[in-house]
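Pasting the structures here.
Same chain, two partners: chain A is paired with chain B first, then with chain C.
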Partner chain A sequence: MSSSGLEELEKEITDNVQRCWKCRMCVAMCPTYEGWFTQSTAGRLMAINLYIKHGLGSEEELSTMLYACTTCRRCQERCRMLSTDCRPADTILKARQYLVKRAELREGKEP
Partner chain B sequence: MGGSKSIIGDLKRLVGRENASDSIFERISYGQDAAQPDLEPDKIPVAVVKPQSAQGVSEVLKYANTNKIPVYIHGAGTAFKGSPKPKRPGSILLSTQALTSIEAHEEDMYYELGAGVNLYELEKLLLSRGYLLPMTIGSKFSSTIGGAVSINTIGHMVDICLGKIIDYVMGVEVVLPNGDIIETGTRSIRRPAGLDYTRFFVGAEGLFGVITKIRLRLIADRNKAHIVGFFPELTDIAHAFQRYYREKLPPPLYGEVLDKVAAQAPFKLRGLGEPKGHMALAITISYTQEEADRQANEMVRVFKGENAIDAFVAKSKKEQRDYWDARDNILNILQASEGDERLVMAGALEASVPLSHLDHALEYIQTGHDYSALKGAKLFIYGHIGTCDLHGMWVAPVSMPQAERMRIAKEAIHLEGDVNIMWGCASGEVGQTASRMPFFKRRYGMAAHRMLMNVKRAIDPNNILNTGNLEGEGYE
Partner chain C sequence: MSRFVKDVIPVGHIYIRDNVLEKDTLTGVSESKALWAKDLDLPKRAEYTFFAACGYQHMKYVEAMMGALKKAGKIGMGMGKVVGISKVFSKLGLDITSITAKITASEDDPYTPVLTSAISLLRKLGVDVGYLHEEEPCCGSPIYYAGFMDDYAEHAGKNYEIFQSFGVRKVIGLVPACTAALKNVYPGYINGYDLEVQHLIEVVAQKLKETGIKPQCKERVKVVYHDPCQLSRYLELTDEPRELLKSIEGVELADLDPEQCGKWSTCCGGGGLEATHPELAERIGVRRAEELLETGASVIVSNCPACEMQLAKVTKKLDPNVKVIDLVRLLDEAVE
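What follows is the complex of A and B.
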């Protein structure tokens, strides 16, 4: 993936995150939630946005957070039925892909 | 006082390492609410703490008071008028979400609830025991009883049917800014006469203390009937509720409105087809099903008498749930678009009006004002028309520049103030401080604001709790 491909992925991810209303209806039902926001979907979406758009936090911390998601997609269904349908599970998967592609570009593995 | 490293170290000692965090992701996630704009970088709290007991809250407040550190109080963080967002640098964000104790005292008609008890879980528990939770909050899947009580809201319900949540709060446990833990109220269904300082804290939005426990009076569940109506004009729905009350019929538990365009996406999602018009929903309640049905039939009669295209009592559980969910899950309306034209909320209004001006207010919100950015944006109208509380949501494509969206947001706040001022009201669902303080000063005057500031100084001399909210900082 070229750097422009990475930018497209960034745009897709941040547009989805922007659609999230931070209603937090996906927090308590997330199977990985043990009391901290970043253990939930809403927290992960906020962290993705902070990292991509504002350069905050570390890649390592974000990666740990994203890979803790079980991808059970309960949040996605809840968001569709009760909220804005910001496709949170898809966005988390895209963000994982984004981190991998970034690492590949950094290490020169991309053609 | 040392820097942020010293503060986080001290807090970890006070509440336990696992109950305090200085992760940038946690600090910003908690520092945000559902409101725009995003948290300003210099206002990011230095730490988030989640004490596991009232004693833990007390330790944090004693520490903050001694060191004059601002503390912002969170339930679940679902507010969207800016109140729980930090306004001053170097603050601590204190969440009461871990206080989830539930003590049942059904023999004395109350439950004692930790402030962090989730509203959805509480509603399920109460229903399973034959009781009704006297509030319906749109964010109930996430929000807490402590947050709702601290702003004295019943959400979508009609105030004159069951009362406000204060009418069900027999007492609270509160941690004062100096760390003292006090109890208010009574364990009897006989409320205290005279000074009942429960009222200092219910609806105070965390300005005077941190509510850690709530004694909630129980109310037996009632029989319900669901009414659905479709109207050619929104003002027809206003006229229907005006007529219903003029005829001295019993107030319904809910009286809702959803405009036709807004209804399209939620209807499609639930297979309800195209809305026949602007939708009105009502739920009547009574001790007997016969009486609830009688009131529902009266409501249908009134709807039809006020120009309804269709009005009926929804009989099947599925039909009742689908129409209710279409209205209740209002964020579904933002699903009505794709790609670059995806819609996001740009501005929001919540204004209450006198019953006789419901129709005028609906017209004014749509076309009566002179705010150009609002007129250029798409408006969805919904709300709790049976309790004279109207919402407007102005939406914009996700591609709209942030500055233009901000202009819509600001104009919506101004319009909300204008509507409330025009007819002498004050909204009624979400809290009054922070973003609404400029309105508060216009509505009640500087003398009223000074009085509140003096009360705040008397109870919180170092001004550590939700600092800047009463001052209206960030929303001047």
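What follows is the complex of A and C.
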């Protein structure tokens, strides 16, 4: 799939995740974290990164994880304090845009 | 909307997106947004334009909508069982409209009085304020946070044209999410965006300083302030609300753990999450309410319709004596 901004989104997401120090401070910050890693910021970022880079997981699973984020940005505040420039909350938002974009593109191909 | 989008994107978000794009409101209720302002005689053109937003104007319907959807058991991700859900949604939409059309703005509804309080407060402080009434658009931030980027960009462009056609220059926002959208998100989508956006709290704090008015509360109360995420981390307004609360005579502000307030405030789980993961949202709400109630305060003050709806819902179960009040209403009562 080319054009339409899909590749830009992919690059932006994976670049942001690349900058992550894996300190996992965001896990403790996340209000949705209840014991499972994929319920936290870091888990969501790793999942979308693995999906884009290696095709691991499915869109349905990703959707369940990504749409459970409250976009409260508490993780991003902590991340900013540690000056990692990873912007986790914005990256999750980008990942949602990525899911929507992919779905819309497939829809466009529907006769 | 084709089945592909529905397979991946939660139906709750698609439902809200269709409401925003087709009916220009969050809930899809066709009743006028501007009912609360009918006796206030607000001009459409003024120095400042008040942006009331769907939040407070339609919150009573959101409550009804969430309740109805939850009861129908059709809320949630709907993955793999999406067949027929859109039909249920459109049916529910109709039902909700007919139910809620009978409700008019009254004191039972805790959300619309916040709007009248905001206007009365601004007038007491000598601010020349107008309101676009029926023409006021929905800012569209729910679709932005759901990831519908293209729809959002188009919607934002249309809204900017509406603002321009009324000669809007300075905007006073009340709902944190909408204010943050107008202030920080719109400039990224619109070329030459030139609206000056402030949150009501900023304006009030500044005007109180200028006029030297001392707010007074009739009875002594111990309050705790809950920072809405959009206000504390998106708009970075954490000191102003606290200073305002402290400036009210008779109000004692309870201390929260520094890791739970200000820019570190814990999310209450209200807002968008309720459309997709209602059970999770409620658990988050209970955790936040417990943190707030530990301070021994009898009143929770906040500044966001979604937070208030969520906190009121969970505190009703935890401690029915605790009240949830909007900061604007408290200030309006305290300023002579």
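Heads up, the rule we're going with is that the second predicted complex is superposed on the first by the 103 of 111 C-alpha atoms of A that agree within 3 Å, B and C clash if a C-alpha of one lies under 4 Å from a C-alpha of the other, contacts with A are read in each partner's own complex, and residues count from 1 in each chain.
The rule is simple: a contact is a pair of C-beta atoms (placed from the backbone, for glycine too) under 8 Å apart; a residue touches a chain by one contact, two chains touch by 3 or more.
Predicted model only: the values in this text are computed from it and were never measured.
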| item | value |
| --- | --- |
| Fit or clash - chain C, chain B, common chain A | fit |
| Contacts of A:Gln18 with chain B and chain C, given as first, second, both or neither | first |
| Partner chain(s) touched by A:Arg96 [first = chain B, second = chain C, both, neither] | second |
| Touched partner set for A:Thr64, first chain B, second chain C, both or neither | second |
| Partner chain in contact with A:Glu77 - chain B first, chain C second, else both or neither | second |
| Touching partner for A:Leu50 - first (chain B), second (chain C), both, neither | first |
| Inter-chain angle, chain B to chain C through the CA centre of chain A, in degrees rounded to a multiple of 10 | 110 |
| Where chain B and chain C come nearest after superposition, their Cα distance in Å | 11 |
| Common interface residues of chain A - those touching chain B in one complex and chain C in the other | none |
| Chain C partner contacts - residues on chain A that touch it in the complex | 31-32, 34, 59-60, 63-64, 67-68, 70-74, 76-77, 93, 96-104, 106-107, 110 |
| Sites on chain C touched by chain A in the complex | 1-2, 4-5, 7-10, 13, 77, 79-80, 145-150, 229, 233-234, 263-267, 269, 271-273, 276-277, 280-281, 283-284, 287-288 |
| Complex contact set, residues of chain B against chain A | 21, 23-26, 28-30, 32-34, 50, 76-78, 97-98, 118, 120, 139, 141-143, 269, 325, 329, 331-332, 334-335, 342, 344-345, 398 |
| Complex interface listing, chain A residues touching chain B | 15, 18-19, 21-25, 27-29, 35-38, 42-43, 46-47, 50, 56-57, 61-62, 65, 78, 80-85 |
